[in-house]
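Which chain is which? They are A, B, C and D, in the order written, and residues in each are numbered from 1.
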Amino acid sequence: MNTFGNRFRLTTFGESHGKAIGGIIDGMPAGLVVDEAFVQQELNRRKPGQSDITTARKEDDKVEFMSGLFEGKTTGTPIAFSVWNTNQHSSDYSDIKDKYRPSHADYTYTMKYGVRDYRGGGRSSARETISRIVGGALAKLYLKRLGISIQAYTSQAGEIVLKKPYTELDLSATEASIMRCPDAETSEKMVELVREVKRAGDTIGGVITCVVKGCPVGLGEPVFGKLHAQLAAAMLSINAAKGFEYGMGFEGVGRRGSEMNDVFYSDETGIHTRTNHSGGIQGGISNGEDIYFRVAFKPVPTLLTAQKTVNEAGENVEMAVRGRHDPCVLPRAVPIVEAMAAMTIMDAVLMAQGTKLEE
Amino acid sequence: MNTFGNRFRLTTFGESHGKAIGGIIDGMPAGLVVDEAFVQQELNRRKPGQSDITTARKEDDKVEFMSGLFEGKTTGTPIAFSVWNTNQHSSDYSDIKDKYRPSHADYTYTMKYGVRDYRGGGRSSARETISRIVGGALAKLYLKRLGISIQAYTSQAGEIVLKKPYTELDLSATEASIMRCPDAETSEKMVELVREVKRAGDTIGGVITCVVKGCPVGLGEPVFGKLHAQLAAAMLSINAAKGFEYGMGFEGVGRRGSEMNDVFYSDETGIHTRTNHSGGIQGGISNGEDIYFRVAFKPVPTLLTAQKTVNEAGENVEMAVRGRHDPCVLPRAVPIVEAMAAMTIMDAVLMAQGTKLEE
Amino acid sequence: MNTFGNRFRLTTFGESHGKAIGGIIDGMPAGLVVDEAFVQQELNRRKPGQSDITTARKEDDKVEFMSGLFEGKTTGTPIAFSVWNTNQHSSDYSDIKDKYRPSHADYTYTMKYGVRDYRGGGRSSARETISRIVGGALAKLYLKRLGISIQAYTSQAGEIVLKKPYTELDLSATEASIMRCPDAETSEKMVELVREVKRAGDTIGGVITCVVKGCPVGLGEPVFGKLHAQLAAAMLSINAAKGFEYGMGFEGVGRRGSEMNDVFYSDETGIHTRTNHSGGIQGGISNGEDIYFRVAFKPVPTLLTAQKTVNEAGENVEMAVRGRHDPCVLPRAVPIVEAMAAMTIMDAVLMAQGTKLEE
Amino acid sequence: MNTFGNRFRLTTFGESHGKAIGGIIDGMPAGLVVDEAFVQQELNRRKPGQSDITTARKEDDKVEFMSGLFEGKTTGTPIAFSVWNTNQHSSDYSDIKDKYRPSHADYTYTMKYGVRDYRGGGRSSARETISRIVGGALAKLYLKRLGISIQAYTSQAGEIVLKKPYTELDLSATEASIMRCPDAETSEKMVELVREVKRAGDTIGGVITCVVKGCPVGLGEPVFGKLHAQLAAAMLSINAAKGFEYGMGFEGVGRRGSEMNDVFYSDETGIHTRTNHSGGIQGGISNGEDIYFRVAFKPVPTLLTAQKTVNEAGENVEMAVRGRHDPCVLPRAVPIVEAMAAMTIMDAVLMAQGTKLEE
C-alpha cells in the first residue's frame, strides 16, 4: 500500500534518515517533455529552511532520475527517482529511540510491525512527502498541456482565518508570502503568530485551500471512485491532515436546499452553473466549474517542552525532543496538497479515457 | 470502479428503476454464520417510509442471496445478492427526462457517458446505497466476533447542533429517535425543523458522527492507505457527502500543539492516551482508542418548487420535480455511514494479517 | 479474486447447484449496442446436451440482464447478469458429499475453506464458466467494431491430432462440426474416438487452438503484463487447462534462432513479418500479425467406474460417481477459450489508451 | 503494469543502459532477517560471463538496498534497491538505433510509445530481470522459514532432451553444471551443442523445469487466480518464454481419464495422492504434493549474422548486430524462473491468510 493511483501510479520508498527517499512513477504517457528544473523548483517549495518560520534544518533535496526518460522525454516506461539523504548519520536518537512521542506514529508503528526505524521518525516522517512532490510535478506538467492548473494556499493558521473566498484573491501572490497566504495583510498576521508560537516552543495548525481550474466535464468515477472521494483520500494521506471538505463543505449543512442548489444556465460558451456551492463536482464527476476544497492540518506534535509518555518497556517516563522542527507545517504543506491534487486529477483524466464509444 | 475494498471487496450494480440493486461480496472468510434477519433489519433502517420525516415512498427492500452461503454459513466463495425493484415501471419521468436537475448528477453523467438512464436518477440514485448496507451488515457480523462495534448518529441537522461529545451520550438511545439522534431533546428540535422545512417544500443537510469501538492497535496502512484516508474515501463516496473530519478535525487547527497532543500512559490494562484528540488513529494506524469521525451532508437537492435549469438541447428552461422525496437524508444515512465504516475496518483487519512474522 | 481484468473487469459468482450463476461487468464503455440474441447464442455453444458427445444433462441457460443497459445500449454503469439454475434441488449428492473425487477440487476446497458446497461441485464446477461466456460475448461485440475477431477450434482430441496449421484451414467450418474441429476428416475421427471412450466409461483430453485476427500493433504491457502472459493466465484459469503456448511454443525450442526469427519487410500496406513464429506478439506487445495460441486440456476426471479415494473422516474408501458427464470437454470449451481471449484483448485495448501523448 | 503480485508486490524500473535497474518490494512482512550475501549470490547466478557458454559481457551486478531494512531486518516498509549500470556510456548503438531487430521488441515498442530507448534494448532488455532476482531472493528467504523450497533446472536445450522426470534426478547437482542441468551426461551434450551453435553465430532455445517442494495445502485462488494460472503469467512474463505447462501438461492430453486421475489415500502422515499427474495443484489450489511445471524458451533472437529488416523510415534494409550475446538463455534463465516462482508462491501464502475463520 505504498502505491497511489490507478492508471497513473506512484510507488514510494524511503525513511527519514535512510539512504534515500524516492519512488517509481508508472503509467506516465510517453512523449512528455520533462522540465527537470521545474521538478527541482517544486521540491524547493517543500524543503526546510526556506524562511525563519520553517525548521532551520538544511536539507539539500536534489532529485536524481534513474529511468524512464530518454533525450528529455518520457518513454512510457517507469520513471524512478531518488533524493539522497545527505545527513543520514549525523544524529543522535537517544531521546526518541525507545520512547513513544505523543501524537506521533512511534507507538502504532511499533505495535503494527514489531519494530520501527526510529531515526528521525523513519517511514512516518514527513520527509516521505518528497516523493509526492516529484510525482505531482510530473503530473502538473502533463495537466498543463490540457490547460488544467492547480493552486493551493494557506487560508487559516491557528486562529487567524482568511475569510475571503478564493474568487476574491489574487492567487498569483501566494508565493510572495512566506506563509503562502495570498492576502498580504492576513499573511503578516499569520507570520507574526507563528513567530510567537515558535518562541513559546509550541506549534499551530491551520487550513490549506486548493483550487483546480480548467478541468473538463466528466472526471471521476461514480459510486466508490467519486472525484471528491479520491481527493479526500489523497489529502488525508498527507501527514497531519485531519479533515477535508469541498464546495460549501461543513458550512453548507446549515443551509436550505433552495439556497444551496447550483442553477444551470446556458450561453454561447456552453453550460455553466450560476453559483458553485458544489465545488465543481456533481454526483462525483467534475462539471467543468472550478474545483475547490479545504484541508485541515493539526498542530505539529513535536514540541520542545517536556512531555509525559511511555517507553517500549511500558514504563511511564518523561521526554523532551531536541532539534529543529517546524512550528507550523502550512507553508511547506501547500506544495504537497498541490502535488496530491495533481496526481489525483491526472489519474482521473487517464481513467476517463474510453468511457464512451467514439461515434 | 464499482468495487470497494482491497481484501474485502464489494462490487455493486443497479439503477434506481432497473430490475434490481445488488452486488457481489468477495473476500469474506469462510465459516461465518450469516444472520439474514440482521441483514434485513439493517436494510429496514435505510428504507424509505420509516417515519413522517422521510420520503413517503414505499419500497419493500427484501434481500435475496444468490450464492456464497451454504447451510447458513459463508463458504469463502463470492456472495451475490439482489434487492429487486418492485416499482420499476410505475413512474412517469417526463419531468426530468431531458432536463438537468440542479446539483444532481444528470448533467455530469450525460456528458461523461453520452447517455443516462434517467428513470429516478438511474445509477446516481441514493437507492444504490442498498448494496452498501448489505455489504456493511456482513462486515458487522464479522467484526462483532472480534469485539468491534460501530455506531453512528445524527449530530447536526440544519442549524440544530448536538454539542455534547459522543462520550457524554447514550448511543443506545439512537434508534429510538426518528432522527437517529441519541439526545432526546435535540432530536425533538431536529424533528420539528425537518417538518417545518418539509412543509416549505425545502430541504436541509446535517452532520453524522460515527464511533468505532474495540479496534485493535495496528489497523491502517502507512503513507497512502492511512486508516483515516480510507475512511474519508468511504464516507465521501456516499451521495450528498461534502466533508469528513476525524478526531478534533477542523476545530483542532485553532489549538496549540501543547493542547492537542495525546499523552501516553501505561497501567495494568496496557498503554493508553489521556485524551483522544487524535480520534484513535496516529500516523494512519489505529492506536486502540475509540475511532470517531464526522461526515457533512448537504441538503437534498430535490426541491418541490420550480427551478431554472438547462435541458439536453442546451436551452434555458424551468423544471419542477414531482413526487415524494426526503426533506433530510440524515436518518436514513446513519446506517449507510455505519456500513461503509464496517467494510473499511473489516478490510483493514484483513490487510493487517501477516504484517509481521510470527516469532 | 473472483474478478478478471484491469479496465474491463468481470466479477463472477455462483455455484453449480445454487440459485444462479452470474456476474458483474465493469468498465464497458457506454453506447455499445448489446445484441442479446448473440449473447444467448454464445451461451448455447457452451451448454450441455448439444450432441451425443457432450453430457446429456439438460440445462436451459437463459441469461437475464439486471442492470447497465438502457434502451438496448450500455450506459457505462455495471452490467449485472444471472443465469438461473433450474435444477438446483433435483439431485442426490450422497455419492460425493463426504468423499474427495480424485483430481477434482473437493479436497483442496475443503482444506482451504474448512467447508465446501458439495452440490454438483459447487463453485469448482465448470458451470462457473457460464459467466465467462457472457463477459466474452460482450467483449466480442466491442472488438467487432474495431475489426478484431476471435476463432478457436479443437486441434487435438486424445491421440488424434489435426496437423495442419490454422492458415491452411477454413475456420468458418468449425461450427458445423460437433467436435468444433474445422477439418471434416479429422473431426470424424475425433467424434468416433469420443464415442468409443464414452462407451468405456472413460474420458479424454485434447488441445484447443485459438486465432485472433485484426489486432492493432501495440496491445500488451511490457514486463509483467505481456499480452501472452495475460492470455496464459486467462486460459489456465479455465477448468481442466494444463498448458499454454503461443506462436511456435514448445515446438520452437528445438529450432535455431536463424530459423525462428520473423524477418520484417515493408510494403505499401505497412510493416509486416515474412513468417509469424512469434505468434503475433513481440516483447509482450502485439505486432499486428495474427495472434495464435494453444491450450491443453486434461481428460475430464469424472469417471463412471469405481475409484479409490479418501473421505472427510480421512478413511480410505471407494466411490463411483453417477450421472451424466462429458467424456470430453473440448467442444464446449471452444467458446470458453474464445470468451477469455476476447476479454483479455478488450482489456488490453482499453489499457493501451493514452499510452502516448497526442501530437 | 510494472508491478507484480497482489499482497507481495514488486514494482521494477530501469533500462539496459540507463543509470540503474531496480525496484521496490512492498508487502514484505516485518522481522525477516535479510541475508544480503544470499541475494548477491542469486544475482551472480543470473549475471553474464559465468562460463564460456554465456555472453562474455562483464557486468558487475552489485545490489544496493536503499530502504526498508533496519539493523539487518525488514521493517514492513517498502524495500527499494538498485543495481547500478556501470557501462552505460560505453556503447555505440548505430547498428540498432533506427532499425527493428527481427523478433525483438524494437518495432512494437516504437509503435506503442512513439519512442524507444534503443540503448541495448532499453526496457525490453533481459537486464530488466535483475529486479526479479532480487525480489525472488527475498521471497525465497521468507519461504525457507515455512519449509518451502524451489529448484529449477534445464531439461531441454535445442534438441537435447533430459527425459528423466525430476523425481529421478539429484537436483542438488544442478549448480555444478554450467548448463544448470543436473544430469551430468545430458549436461555435457547440451554444453557441446551450445558451443557448436555459438561457433555458427546461431542460437538455441530450450525448456526449464521447476519444482516447488513443501507447499502447504490451500494456496491459490479458485476461478481466475488459480495457482497455476498465476504461475503461468509469472513465467510467460520472462523474456523469450513461449509456453507453460504443469503436471502432465500437453503430454497428458493424449491419455485417458482413468490413467490420469491421482487417487487419494490416507496414512498416518495425512492425505496424499498415489500419483501426481496434477502437478500438485487441483482446482487451482495446491494439494500438498510437489508442484512442478515446465517453461519453453525460444532461441535468443540476437544473431551475429546479417538479417533483413525494416528501419524507422519504413525502408527495407539489412542489419547485423555486433557485440557479445548469449547463444542460449537457459543457464541464466534458471534463477529467473525460480525467482518468479518464489514471488508467486509467497504472494499466494499471504493471500491465503484469513481464508477461513479461526475456530
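By our rule, a contact is a pair of C-beta atoms (placed from the backbone, for glycine too) under 8 Å apart; a residue touches a chain by one contact, two chains touch by 3 or more.
Keep in mind that what you see is a predicted model, and the values were worked out from it rather than measured.
Any chain touching chain A that also touches chain D appears here: B, C.
By count of C-beta pairs in contact, C-D exceeds the other of the chain pairs C-D and A-C.
The most distant chain from chain B is D, comparing centres defined as mean Cα coordinates. When the CA atoms of chain B are superposed on those of chain C, the rotation angle is 180 degrees to the nearest 5.
Chain centres here are Cα averages; for chain B and chain C they lie 39 Å apart. The distance from the centre of chain A to the centre of chain C, each centre being the mean of the chain's C-alpha atoms, comes to 46 Å.
Chain geometry summary: the mean Cα position of chain C and that of chain D are 26 Å apart.
Chain B has residues 1-3, 12, 30-31, 76-77, 112-115, 123, 222, 355-357 in contact with two or more other chains.
Chain A contributes residues 1-3, 9, 11-15, 18-20, 22-24, 26, 30-31, 64-68, 70, 73, 75-80, 82, 112-117, 122-123 to its touches with chain D in the complex. Chain C contributes residues 1-4, 6, 12, 100, 102-105, 107-109, 111-115, 123-124, 128, 156, 158-159, 197, 202-207, 217-218, 220-226, 228-230, 232-237, 242-250, 252-258, 260-266, 270-271, 273, 277-279, 282-287, 296-303, 305, 307-310, 314-316, 351-352, 355-357 to its touches with chain D in the complex. Here chain C touches chain A in the complex through residues 7, 29-32, 76-77, 145, 222, 350, 353-357, going by the rule given at the top.
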